[in-house]
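Same chain, two partners: chain A is paired with chain B first, then with chain C.
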Partner chain A sequence: MRRPQWVNAAILAAAALALALLPHVYGNQALLFQLMVYLALSQGVNVLYGFTGYLPFGYVGFFGIGAYGASLAMLDLHAAPLVGIALGGSAALLLGLVLSPLLRLSGAYFAIASLAASQAIYLVIANPALQNVTYGPYGIQLANQFDPAASYWTMATILFLAIAVVLYIRRSRFGMALQAVRDDPVSAAMAGVGVVRQRISAWMISAALAGAVGGAFAWQTSVFYPDAVFTLSISIFAIVFALFGGVGTLLGPIFGTIVLFGMYNAIGISDPQYFQLIYGLLIVALVIFLPDGVASLLRRRGIHVL
Partner chain B sequence: MLYALIAGILFGLYYALISLGLNLSFGVLRMVNLAHGDFVMIGGFAAVVLYTVYHVHPLVSLVLAALAVFLAGAALYYLLVPRISRTKDPEMISLVLFFGLSQVIEALAVVQFGNNEQSIFEPVFGTQPVALLGQDLPAVWVVSGLISLFALVLVYLYLYRTRLGYATRAVMASRDEAEVSGIDLHRVSAIAFGIGLGLAAAAGALAPFMLGGITADIGTGLTTTAFAVIVLGSLGNPLGTVAGGLIYGVALMLMQTYLPSWASLLPYVLLLLVLLVKPSGLFGRQVRSA
Partner chain C sequence: MSSDALLEVDGVQKNFGGFPALRGVSLSLARGSALGLVGPNGSGKTTLLNVISGIYAPNAGSVRLGGRDVTGRPAHALSRLGLNRTFQVPKPFGSLTARQNVDVALAHSRRSRRKAEDVLAFVGLGEVADREASSLNTAQQKLLDLARALATDPELLLVDELGAGLSPADLDLVAGKLRALNQQGIALLVVEHLMGFLGQVTESVVVMNAGQEIFCGKLEAAAGDPQVVEVFLGG
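Now for the complex of A and B:
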C-alpha cells in the first residue's frame, strides 16, 4: 500500500494546478463551482463509505446544516464569509457528534436512519414556526455578501484539502485501521484498533467536509431556499458519483463525478424527467454489472488505482 | 380527542397496509426496498386513471392493481435480486439498486402523468358520514380501514395457515437453514416480494382518499414512513407492523390535532428514537446492531 512520498506530492501538485487552471480553460464558473461541490462531497462519501462501509443516505444533512450555519453566522453575527464557512463546518461537526450514536446501527439501518435524520433537520429548519430563527421556508438572502470569485477560490481550497485528506487517509495508519474495521470489526478490535473511535473520526471528518462545502455553496449561491440545500438528490448524486468511479480510491470518485456530472449537464437541464429516467437506469445497470465501480475494471487488469 | 383516536386507528390500519409489504420483502430478502413507496404511487395512479377514464370503481382497481403489481414484483425479483446477492456487499448495493429503480419509476410517472397532484374527487363511497362510537367519520376512512384490516388478515392467514406461508416464515428466520431443508428459496422469496409490492399497490389505490391525492414524487416519503412503522413494530414481524401502524396512526392524528406544523416531522423522529433507543423495535427478539 505504501507509496513513496513524492507520488503524493505530485498528485497534490497536479490537483492544485488543475484547480488553478480550470477557470481559464472553461468559462462557466457557476458550473465549475457545482462540479467542485460534487467532487468534494463524493470524496466525503468516499471517506465514510469507502473506508468504513457506512453508506450515509442523509449526507446532505451536513451539507445543509453547513449552508445554514454559514448563512446565519453571516446574517446574524455579521461574520466574514470565511469565518461563516468555518462556523458552518463546525455546525456540521457538532451535528456529526450529536448523530454519532447512529454509528451503532449496522448496514441498512444506518443508511435509513441517517436519511431520516437529514429529513428531520430539513423539516425543523424549513418549519414556518421557526421563521425568526432560520427564516423558515422563505430561504436565505446573502446578496450583500455575494462574491463569485472569492467563493470560487474558497471552494477550490476546500476541495484541495479534501483531496489531501483522502490521500493522507489512504496511506496512513488511520486509513489502514479504518479499512480493517470495515472488513472485520471483531478482528480489528482484537488487533488493538479502537473500532468506535476510528469510525467516529471518519464520520466527523466527512461531516465537517460536507459542512464546509455547504457553507461555500451558500456563499456562492447567496439566495436559496431550504429545499435547495437539503434535497436528497445531493446525497444520492455524491453516493452514485463515488460508487461509479469506485470507492476506497482517490481517483475513482473524481472520475465518477466528472463523467456523470458532465452527463447530467448535457441532458439533465433541458429534460429533467428523462434525465431522472436515464439516471435511474444507469444506477441499476451500474449496480448489476459493475458493483465495484470503474476502478475495479482497471484493478482486474492489474493496474493499481490510486 | 376521541375523534383523533378513532381516526388514528383507521389511519393506523391503513399505514400498516402500506408498511406490511416492506416488512415482508425485508424479511425474506434482508434488503430494504427503497422503491416500496413508488409502488404505492403506481397503485394510486392506476385507481385514478381507471376511474376517470373507464369509471372503474376504485375497489375493483385495487384488486387489479394488486394482482398486476404482484406479478410484476415476482418477475422483478428474478431479474434483479439473484444478481446482487452475489456481490461483495449486497445490503448496501441493494439500497443503491432499489434507489435507482425508484428513480426510474418516478421518472416514468412524471413523463406519463406530469408533476401535478391527481385524485378522485367524486364521492365514490357516498357522502354520508359513518357514526362510530358517537363520532362522525368520513365513510372513505372507515371503508379504507376495513379493507386494510381485511388485507392484513389475509396476509396473516397466508403466513400462518398455508404451506407456502410456513416456508416464507422459515426463510425469514434463516435463509441458509431454510435452503438446506429443501425450500425453494427463490420461489418463496419471489412470491413474498410480489405480495409485498402488491400490498403496496393495494394501499395505493386507496391513497387518493386517505392521503388526499397522488403525485409522482410521494414514493420516498412513503418509503421512509413505512420504514418507521415497521422498525417501530420490529423488522421481520408482520404482527408487529400492525401494532406499529396503529401507534403511528394515532400519534399522527394527535399531532395533527395539537401540533399541526410539526406533524410532518413525526415519522423521522419516531424512526430515529426507536433506532437509537431500542433498535429491535417494540416486539422484536434479537438486536441487530454493530
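Now for the complex of A and C:
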C-alpha cells in the first residue's frame, strides 16, 4: 500500500492531463460533465464504503443540499459561482455533521437511515410552503450564470481534488486507521483508534465532496427541479459504479463509472427498457459473482490495483 | 484493596437480555503480577474480559485501572491508558499486512516507543511481516493479536485463550513469551482451558462458574477444592 511518492505524482499528472485534453477530443461537453459528476460521486462512495464499510444509500442528500446551497447563495446572496459552490460544499459538510449520529448504527440500519434522511431533506426543500426560501417544487433558475466552459473546469478541478484525496487516504495513517476500522472495529478500538471519530471524518470528507459536486452541477445545469438533484438514482448510480469497479482502490470506481455510464449512454437513452434489463442482470451478477468488483479479479491474480 | 493494585474489578454484573452473564464478579491484580482465569464454557470469562477492556459496559459494579475509575470507558481510551488484550477468535485487520496491523497500533498509541520489527520478531512473525493478515493461519493471527497489543506498550495484558489451537511445541514457546512479558513487568490476566499451559505462566487462578467467582488461590489448590471439582467433573 505504501508506494513511492512519484507514483502518486504520476497518477495526478495523468489525471490532470486527461481532464485537460478530454474536451478537445470529445465534443459532447454536457455528457462529459455528467461523467465527471459520477466519477467524483463514485470516489465519494469509495471514501465512505471502501474505507469504512458503510453503504450510503442517502448519498444523494449531500449532492442535493450542495446544489441548493450553491444556488441559493448565488440567487439570494448574489455570490459568485465559485463562492456558491464552496458554500454548497459547506452546507453538505454541515448536514454531514448533523447526521453523524447515524454512524453509531450498524450496516443495514445505516443504509436505510441515510436513505430516509436524504428523502426527508428533499421533502422539506420541495415543500410548497417553503417556496419563499427554497423556491419549493418549482425549482431553481440561475439567470445569467450559465457558463459551460467555466463550470466544466470547476467540475474538473473538483474531480481532480477527489482523486488526490483518495490517493492521500490510501497511503496515510488516517487511511490505514479507516481500513483497520472497516476490517475489525473492535480490534481497531483496542489498537487505540477512535472508531467513531474516524468514521465521522470519512463521512464528512465524502459529504463535502458530494456537496461541491452538487454545487457545480447546479451551476452547469442552471435550471432544475428539486427531484432532479434528490433522485435516488444518483445514489444508486454512484454506488453501483463504485462497487462494479471495486471499492478501496482509486482505479476501480473510475473504471466502473466509465464502463457503466458509457453503457447507460450507449443504450440506456435510446432503448431504456433494454438498458434496465441489462443493468438489472448486471447488478445481480455482480452481487453473486463479483462482490468485490472487477479490481478483485486482478487482485486474485496477484496484480496490485492502485 | 491494596494500593499497588493495577486492576480492581468490584461487583461487576452484566446481563444479556434477561440472562445474567456476570453476577457480581470481583478480582484484583497487582502491578506486574499474573493471574489465570479458568472455568467451564459459558461461565463468563470472556464477558469479564470484554467488560474490563471496555467493549461492554457493565450493568453494575466498577472497574479501576491504576486507581482510576474506568468503568464504561471506550476501548480506545483504555488502550491509551495501558490496557490491552488478545481475542479468543483472532481479530486481525485482514486487508492489511502483519506489519501494518502493528503500525496502526503504534500510530494510535500515545505510550509506545516500540518498533514494529521488534514486536513482530518477539512473537515470531518476523518472517511473515509483509503478508496480508487474512492469509496467515489461525495460530499466526493469534500471535498477531498479541503483537498488536504489545505495540501499545501495555501495563496490563488480557490474554483470551491464546493456547487453543497451538501445537504442543508452539504452546511451550508462547508460554515462554508470556512469562518473559510478565518478567518485563507487564501484568497478565490469562483466560485458558489448558492447565499445563497456564501453569507455565502463573501459579494463581480465579475459577468462575455461571457468572460468579467460586475459587481464588493457587492453581494446585484449585484441583483439590470440592466446589471446583464439582463444576469441572460434574460432581
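Assume the second predicted complex is superposed on the first by the 305 of 306 C-alpha atoms of A that agree within 3 Å, B and C clash if a C-alpha of one lies under 4 Å from a C-alpha of the other, contacts with A are read in each partner's own complex, and residues count from 1 in each chain.
Heads up, the rule we're going with is that a contact is a pair of C-beta atoms (placed from the backbone, for glycine too) under 8 Å apart; a residue touches a chain by one contact, two chains touch by 3 or more.
Given the structure is predicted, the values throughout are model-derived calculations rather than measurements.
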{"item": "Which of chain B and chain C A:248 touches, first, second, both or neither", "value": "second"}
{"item": "Greater residue coverage of chain A in the superposed arrangement, chain B or chain C", "value": "B"}
{"item": "Partner chain in contact with A:177 - chain B first, chain C second, else both or neither", "value": "second"}
{"item": "Partner chain in contact with A:73 - chain B first, chain C second, else both or neither", "value": "neither"}
{"item": "Partner chain(s) touched by A:188 [first = chain B, second = chain C, both, neither]", "value": "second"}
{"item": "Touching partner for A:124 - first (chain B), second (chain C), both, neither", "value": "first"}
{"item": "First, second, both or neither for A:45, with chain B first and chain C second", "value": "neither"}
{"item": "Touching partner for A:292 - first (chain B), second (chain C), both, neither", "value": "first"}
{"item": "Touched partner set for A:212, first chain B, second chain C, both or neither", "value": "neither"}
{"item": "For the chain A and chain C complex, residues of the former touching the latter", "value": "1, 173, 176-177, 179-180, 182-184, 186-195, 248"}
{"item": "Partner chain A, residues of chain C touching it in the complex", "value": "53-55, 74-76, 79-80, 84-85, 87, 91-97, 100-101, 103-105, 107-110, 145, 148-149, 151-152"}
{"item": "Contact set on chain A toward chain B in their complex", "value": "49, 53, 55, 57, 101-109, 111-113, 115-117, 119-120, 123-124, 127-129, 185, 232, 236, 239-240, 243, 273-277, 279-284, 286-288, 291-292"}
{"item": "Complex contacts: residues of chain B adjacent to chain A", "value": "31-32, 80, 83-84, 87-89, 91-93, 95-97, 99-108, 110-111, 220, 224, 227-228, 231, 261-262, 264-265, 267-269, 271-272, 275-276, 279, 288-290"}
